[in-house]
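Chain lettering (A, B, C and D) follows the sequence in which the chains are written, and residue indices restart at 1 in each chain.
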Amino acid sequence: MLRYIARRILIMIPTLLITSALIFTVMQLPPSDYFETYVAEMAAQGEHADMSRVEFLKREYGFDKPLIERYFLWVTGFVQGDFGYSFEYEMPVSDVVGERLALTVLVSFCTILMTWIIAFPIGIYSATHQYSWADYGLTFIGLIGIAVPHFLLALIFMYFANVWFGLSIGGLMDPIYFNQPMSWAKAQSILAHLWIPVLIIGAGGTGSMVRAIRANLLDELQKQYYVTAKAKGLPPGKALVKYPLRMSLNFFVSHIGDVLPSIVSGSELTAVVLSLQTTGPLLLRALQSQDMYLAGSFLLFLSCLTVIGVLISDILLGFLDPRIRLQGGRTK
Amino acid sequence: MNQPVALPPSGTPLPHYVAGGAFDPYQADKLTKAQERVYLASQLTLMWWKFRKHRLAVASGVFLILLYGSILISEFLAPYNYQVRHTDFIRTPPQSVHFFHEGQFVGPFTYGLTSTLDMTSLKRNYAENTQQIFPVRFFCRGDGYRFWGLFEGNLHLVCPGEGGTLFLLGTDRLGRDMLSRIIYGARISLTIGLIGIAVSFTLGIVIGGLAGYYGGLFDLLVQRTIEVVQSLPTIPLWLALSAIMPPSWSPILVYFGITVILGLMDWTGLARAVRSKLLSLREDDYVVAAQLMGAGTPRVVFRHLVPGFLSHLIASATIAIPSMILGETALSFLGLGLRPPITSWGVMLNEAQNINIVVLYPWLILPVVPVIAVILAFNFLGDGLRDAADPYR
Amino acid sequence: MHGHLNEVVKGVSLRVPAGRTVALVGESGSGKTVISQAVMGLLPRNGLITEGRILFSDPLKDGKVLDIAQLPADGTKMRKLRGGRIGMIFQEPMSSLSPVHTVGSQIEEALQLHRPHPRREARAVTEKMLGLVGFRDPPRSYDRYPFELSGGLRQRAMLAMALICHPALLIADEPTTALDVTIQAQVLKLMKELQHDIGMAILLITHDLGVVANMADEVVVVYRGEVMEAGPVDDIFRRPSHPYLKALLKASPDFDMKEGERLVALRDVAPVAPTRLKPAYDNSAPLLSVRHLRKTYGSKSGGAVLAVDDVSFDIGRGECLGLVGESGSGKTTVGNMIMRARKADAGDVVFHGEKGAVDVLGLDSHALKAFRPHMQMIFQDPVSSLSPRMTVLDIIREPMIIQGRGDIRAQKERAVELMQAVGLDPRFLNRYPHSFSGGQRQRIGIARALALDPELIICDEPVSALDVSVQAQILNLLKDLQASLGLTYLFVSHNLAVVHYMAERIAVMARGRIVEIGPRQELFRHPAHPYTQCLLKAVPLPDLDRKLDFDIAMSGGTASDPASWPREFRGSEGSPLGMIDLGNGHSVLAAENCTAQDIRCA
Amino acid sequence: APGGRYPPEPPLLRTEVDINQIPAMADRLPDSPRVIDVAGMGREPGRYGGTMRMLMGDQRDIRAISIYGYTRLVVFDTAGRIVPDLLEKVDVEEGRIFTLHLRKGHKWSDGWPFTSEDFRYWWEDMANNDRLSPGGPPNVQLYVDGEIARFEVVDETTVRFTWSKPNPSFLPALAGAQPLEIYAPAHYLRMFHQRYADPIRLGALIRQERVKDWGALHDRMARSYRPENPELPMLGPWIPRTKPPAEFFVFDRNPYFHRIDERGWQLPYIDRVTIAIGTSSLIPAKVGAGGSDLQARYLRFDNYTFLKEGEQRGNYTVRLWERGEGAYVAVFPNLNVQDPGWRAVLRDVNVRRALSVAINRRDINQVIFFGLAHEGANTIIPGSSLYDSKYDTAWAQYDPALANKLLDAAGLSKRDDDGIRLLPDGRRAEITIQTAGNSTEETDILELVAYDWEKVGIKLFVRATQTDLLRRSVSSGNAMMSVWPGIDNAIPGPDMAPDGLAPSNSMQFQWPQWGQHVETSGQMGEKPDLPAAQELIDLQKRWRQSVTTEERRAIWQRMLEINADEVFTIGIVNRASQPVVVSNRLKNVPEVGIYSFEPGAYFGVYLPDTFWFDDAKD
């Protein structure tokens, strides 16, 4: 096992190199660059960008150097923990991201947790009570969660949460707590605001998860080994969880690695609509304004997490199913 | 049939019992021709027979067929031409159809609308004018249109009474009939997005299937590719694409292109799920059996292994559909999706992405209703298909 | 009770008194398994009890009588009974075990549910049980996964699971089909002992009349869901009166059959029309030569399993080579390697086809596909070798589709014909495999293997799940095909009578090696190897007068243990083992420096 | 202090004054503070205290504080006149010698005197430093025909800028909403400057701030327009307290601010301003919930009804100000489009006039603006002293018949079966218009324009892109037409540079190439070959050399006339309404005003330092 992990970690290096090169290339693909967007945006507000300043900044950020050189500077910096400089914020990327990361992790973590806590029981219930009224009802609610665009849900929720409960619109806390050190009141405010994003971001995910669990479980419920388990006298719940459910989790485990990147990336578009102080909107904004290093470093960080996540999910898959562990490596 | 034998009380020895009656080992064997047809029916036919029993699925199927049928004749079904503006009826709330006027049956009709402009709140208020009665007409001449952009027509299924209005779902900010826009919008919403699904599903199943089946080096390569693809930032890609898309391309074509590319990037999740499932299934005896018969890889993967995963595939397809129908919403966020005058449900909902509308003009959110309906229908259809393909039912 | 189309069990009444064994015999598909499922409250989704009672009186509860049919299927009461008071051995051990849990944990779970033990102790108890059912290395086997076990080992795991709780009633559905006779004897003895110790009642479902004769106190014969005859074992064997029972008794093969004598099946079916002509062949040249095959399985716990060790043999054209031997000795692995279903570690397999010799292990994938139709295989596990999501029609048609034989119509016609040949109702063609009884599934597998008219068929326990009458029918069919088409078989079986009936030559395997090989008569009359001798002694005969002496036969697990063999047959540092020719094509594995004479005397 | 009564200290500063952390008000103010006659403006002198909450969509929007604060050396007043603000006075000789007199005793927000040294530091150590500004002083307004200003320090509070020729754009640039900055807090910035700083401490600072070298450090620390450095001494009414990145920015009153009201109370009245950053699309909703005390940015006209309904709940009033662009939305035919066929067509004045008169502006105004906007061309609006309705109405009437006639005259008389006109080269007259798609209003207007144009045989396709890509494709000549707001500054006085009316830079959507030609003095771009455009360039040149206001007025009028007549850009409506949400507690915010960046700095000319809260606790 250890050898396997070591080998996989070695393979990560070329993967990440390729990924970083691709990210860098793709970031260069749009015909314009950060400064052009910047100038254009200033102009949209009637302001004029100081062209000599733009020239100054371009030089500062090494835009006069050849692409390859910039790439290598970036990648080597990344390895040393220097993630580059954000054009837009004019400060090191790590400083820009730093603050938001904690909140992002909080929101994503709660969301994922909620998704699982809700989706598993419902999925199992739906599968074991297929075509009962409850199954139909839960299906319906779940599908609405998938079908209604998040931004609409978000708007509606926020508006009525404001009108009815007096919650401030958008954001993860009352504005007065911004920039303040963590305190009990601040934590309370965060908790009071957390449920809307968690609910909205989680709605679609939960719905999908319920459907997937239900479908996968239905397949396993008929298998003979489940009968065996019942014949042993296992209580149905336990038998269900230990045998068919475990087998049906294959799909789930194969995606579990995605949790890692998604925990720090924060659901972008929804977070924007909800005006969350998470990394999602930051990344989106950086991508749109072509704030290369901010976006690039963040993406590369995400892809590191993806790669690690894939590894984790592969290891877990092996544990879940010894057939994969003991025979999966072989080529047919 | 024999009468059940009474068992002796426990403790006493079992008496020797011999069943009476004739014994014919060949009894009931031969098949009639008609029976043979039934028993030799192909698996698809069998599935169809099973599917028919699933009433909700059949209803959903019919609903979808009707819906897809409707996009062939949207122009005829819509009471108005979706582009025609009614400057006097901007943001009219949904109008109701009445049948009785002052207690008297008149048949379906609408009252006239009078609008007043509230200059302090800058809002248009509409009131029914019960003096004016406009009976709804059927199979009637109304707004002109070009049927599929080819030839002129003006026949509609329903039209407002002469001089009246029939805004069943209200009008939007330019005074266009919402119902008509929804009916036209189905054309794009029900077609283009699904192509993306098709692309990503095909790729996901094929690539994931092969990786899971072959394992080893191929699997390794595929997995690394997946990691790389998942890491690719889409937004700069779109930005670049939107810059290089020829300006002469129509927005639909551009959108179509983007959907396909979206599909090309979106296969990874499914591929991983398929792969890991196949990794555990591929050692089963029936796979070996198929190989021993000389079945090639495609056959083993798609005939034997993937069907074992069908439930998941169907479920993920139904889950993916909404994101594709509404795909343009996310894209228009970046200025890349469809835009007016092209109408789709996503475009309409995108226009509704506004606090004003949620609070003041909620009927503009109505396009979610068809979206939900379609998704429910696809879902129940999927359920039906799943069950039809399920050997255990 | 009703299936969704048909009534499969119609008014069956039987009883199983405490401390006694009732054997339930009957034709394959006659509803035996369904009866046992009903008792356990585990009927499949599309089945239900329409009328009748199932009364269970637990000796521990002073015979309070419970009607199981009335209990909610998954209720607490039922659960207490299941596993704890009523143990069940499923017919298909292969698929009845969860593939993702170790066998030990699955067995221990049953123990913990009904007879809770501290953790460590539980493991010890489980390991002891594994040893009792004949696992060679219990501590290691505890941690192995079902797919790492041979068919017989899995069946033993099932047995262990059912017995570990000391149930009041044991329902054993074909508990020994995958076991060689020595282990079978060991297991049967274990059951008898338990019965004796705790007064366990046994409902034994089996096709093997030998086992019935040796185990049962009472016998119930069912046919098409109805009881045909029931009574004490004496009455049944000595005074069979129903034509079906008579036919059954007549249909079982035994060692006393004469050369060329045919089994009498219950019904005769028209033989399948061959799709090719019988080639003219020279009987002496081997069709298949296997040389020095070797296979080692790596295992999770690090220890590798040497499953097949230096196996060589030839099969002549039109010949049937029987392969018998200890369960877990590598028979299936050999078959798999010949078929290229598993990679051989070393060795050669040469197939002398019409177009010259083919190096089977060396074929590239393209050539392999073209070569496939020449060899087919009948799988030991009839459940898992059928695609669960294909109808029987598609399953049987599939080889023809792949190899492009005939059009759809022709394929369908052939499918009907094959179904009839293996004694299945063509009406079943559009059902899915899971809705068949064990024997029916096995016959589907046979029909599929026959579909392509191969030259060589590797039959891995082809008739183990069949009752004797159907078995006779299938065996006759195979023999007819052999005669008319010159088909060649590698016939793996634990049922020595069947092998005796089918095979011209027989090879005996133990511990991954062929220990003895020779013509049938020779081998049966003068078994040279101690393991072969044990085997022959352990065969249960369907004859009340020649009951098996369990104690003699009970060399069980040790029969295959080289330590128990005379010195000549044990390999040692100085004298490696080799095949010693005893004449008449009879050879035996013994120390290379021994002579035929030494061996005869040993 | 006037009135003899000693004015109270603002509550925020009282403790600090009490413990002598900062001097008392009299010592904080310059010797001669700028006195704002609040009552004279028709407003009410106020009270100290309170926090003014504002919402913004992006962290960079915190520059709103420098804009709304509108503290410049000289500023525009509401009448468009330039008056001294930070300066005590300016002397201008021959339009070329500018002597700037600082207020004696004026102090930076950290209490350090504001003197000529701060100008010298900027001029010598920043603008003329090779590292900080490699090409010499960066700002164009400091050059006249390529000649750089001569700078001299006259005395401690007087500096002088001199050119050999008149430089009429110097003072307007100093008064700009985004001003020309020619001074910097020398005493603070020295510690980042290689020339002055102790190398060891400088090195430490560079490492601490994680920048490349002292140049980058200095650059970062010295930025004042977007106040990201809370340490940087400033002169505006509120000074930053928050270091980005943050979601919430606090600005506290500047204890040394140089303005007082007529009672001698130091301005600003309001102690504290906060800016919360959040998604811009949510701002209307938040405002409607009473989340802002003064808000106009990110509110659009179509939010009005929603905001109006929330007045009670949010305790605010929505007012409608007038927007100060030349056109809310204007269509810019690209005279430098690459396609030769279209170039010829678009350069034909008849075509532009026809396209303009083909638009039913009334309809658009009614549908989208409830008739509240003004239908007219892209030109200046009545707030300007140069306004004349003839510029406004020229070719802005709705007259499809005329449009048809003009188009026929322009050689587009042939039509195909669909009724679409054909270009002289036989192609269909299909125009693709590019837009940055910023608002639904814009999209809707385009849709209505398309509808109108189709009636005269011109087909319009709309294509949306990103703002930067739009600029790119316009200046490269790929875009044939684009959409953008009209003239930035539609209430100019004659003393403001008429740059927007003539080709002057490459960002102009109607003639990007010509603009670039002028901008680069003929090195890049295309030479204008349209007589009218050439005349505009000449006029602009003349303006640059003009000395008197009268001369400039004449030039302005001629340029406006040409623009109106040639219809280089097609304005649709102007003077559109801008909702301004004002908390009911906030006093002195004008009922009506003009909302424009240039001139006026949005709220800036209305002196937000004189706004106050009536519930502020004193």
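In this section, a contact is a pair of C-beta atoms (placed from the backbone, for glycine too) under 8 Å apart; a residue touches a chain by one contact, two chains touch by 3 or more.
Everything numeric here is computed off the predicted structure, so don't read it as measured data.
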A-C against A-D, pair bridged by the larger set of C-beta contacts: A-D
Chain centroid nearest the full-protein CA centroid: A
Geometric centre distance via CA averages, chain C-chain A, whole Å: 52
Centre distance in Å when chain C and chain D are each reduced to the mean of their C-alpha atoms: 91
Whole-Å gap between the CA centroids of chain A and chain D: 40
Between chain C and chain B, distance of the C-alpha-averaged centres to the nearest whole Å: 50
Interface hub residues of chain C, defined as touching at least two other chains: 45, 99, 147, 434
Shared-contact residues (touching 2 or more other chains) in chain A: 30-32, 155, 159, 222, 273, 288, 321, 323
Residue numbers of chain D (touch at least two other chains): 281-282, 285, 436, 466, 469, 472
Sites on chain B touched by chain D in the complex: 85, 87, 90, 117, 119-123, 173-175, 239, 242-243, 247-248, 250-251, 334-336, 339-341, 351, 353-356, 359-360
Chain A to chain D touching residues, read off their complex: 30-32, 36-37, 39-41, 43-48, 50, 52-53, 55-56, 60, 88-92, 95-96, 99, 155, 158-159, 162-163, 168-171, 175, 178-179, 272-275, 277, 281, 285, 288
Of chain D, residues touching chain B in the complex: 281-282, 284-285, 288, 302-306, 308-309, 363, 366-367, 370, 372, 432, 436-437, 440, 443-444, 447-448, 450-451, 461-466, 469, 472-473, 478
Chain B-facing residues of chain A, complex: 11, 14-15, 18-19, 22-23, 26-27, 29-32, 139-140, 143-144, 146-149, 151-152, 155-156, 159, 207-208, 211-212, 214-216, 218-219, 222, 250-251, 253-255, 258, 261, 269, 273, 284, 287-288, 290, 295, 299-300, 302-303, 306-307, 310, 313-314, 317, 321, 323-324, 327-332
Chain C to chain A touching residues, read off their complex: 40, 42, 45, 74, 76, 79-84, 88, 90, 92, 95-101, 106, 109-110, 113-114, 145, 147-148, 161, 298, 300, 383, 434
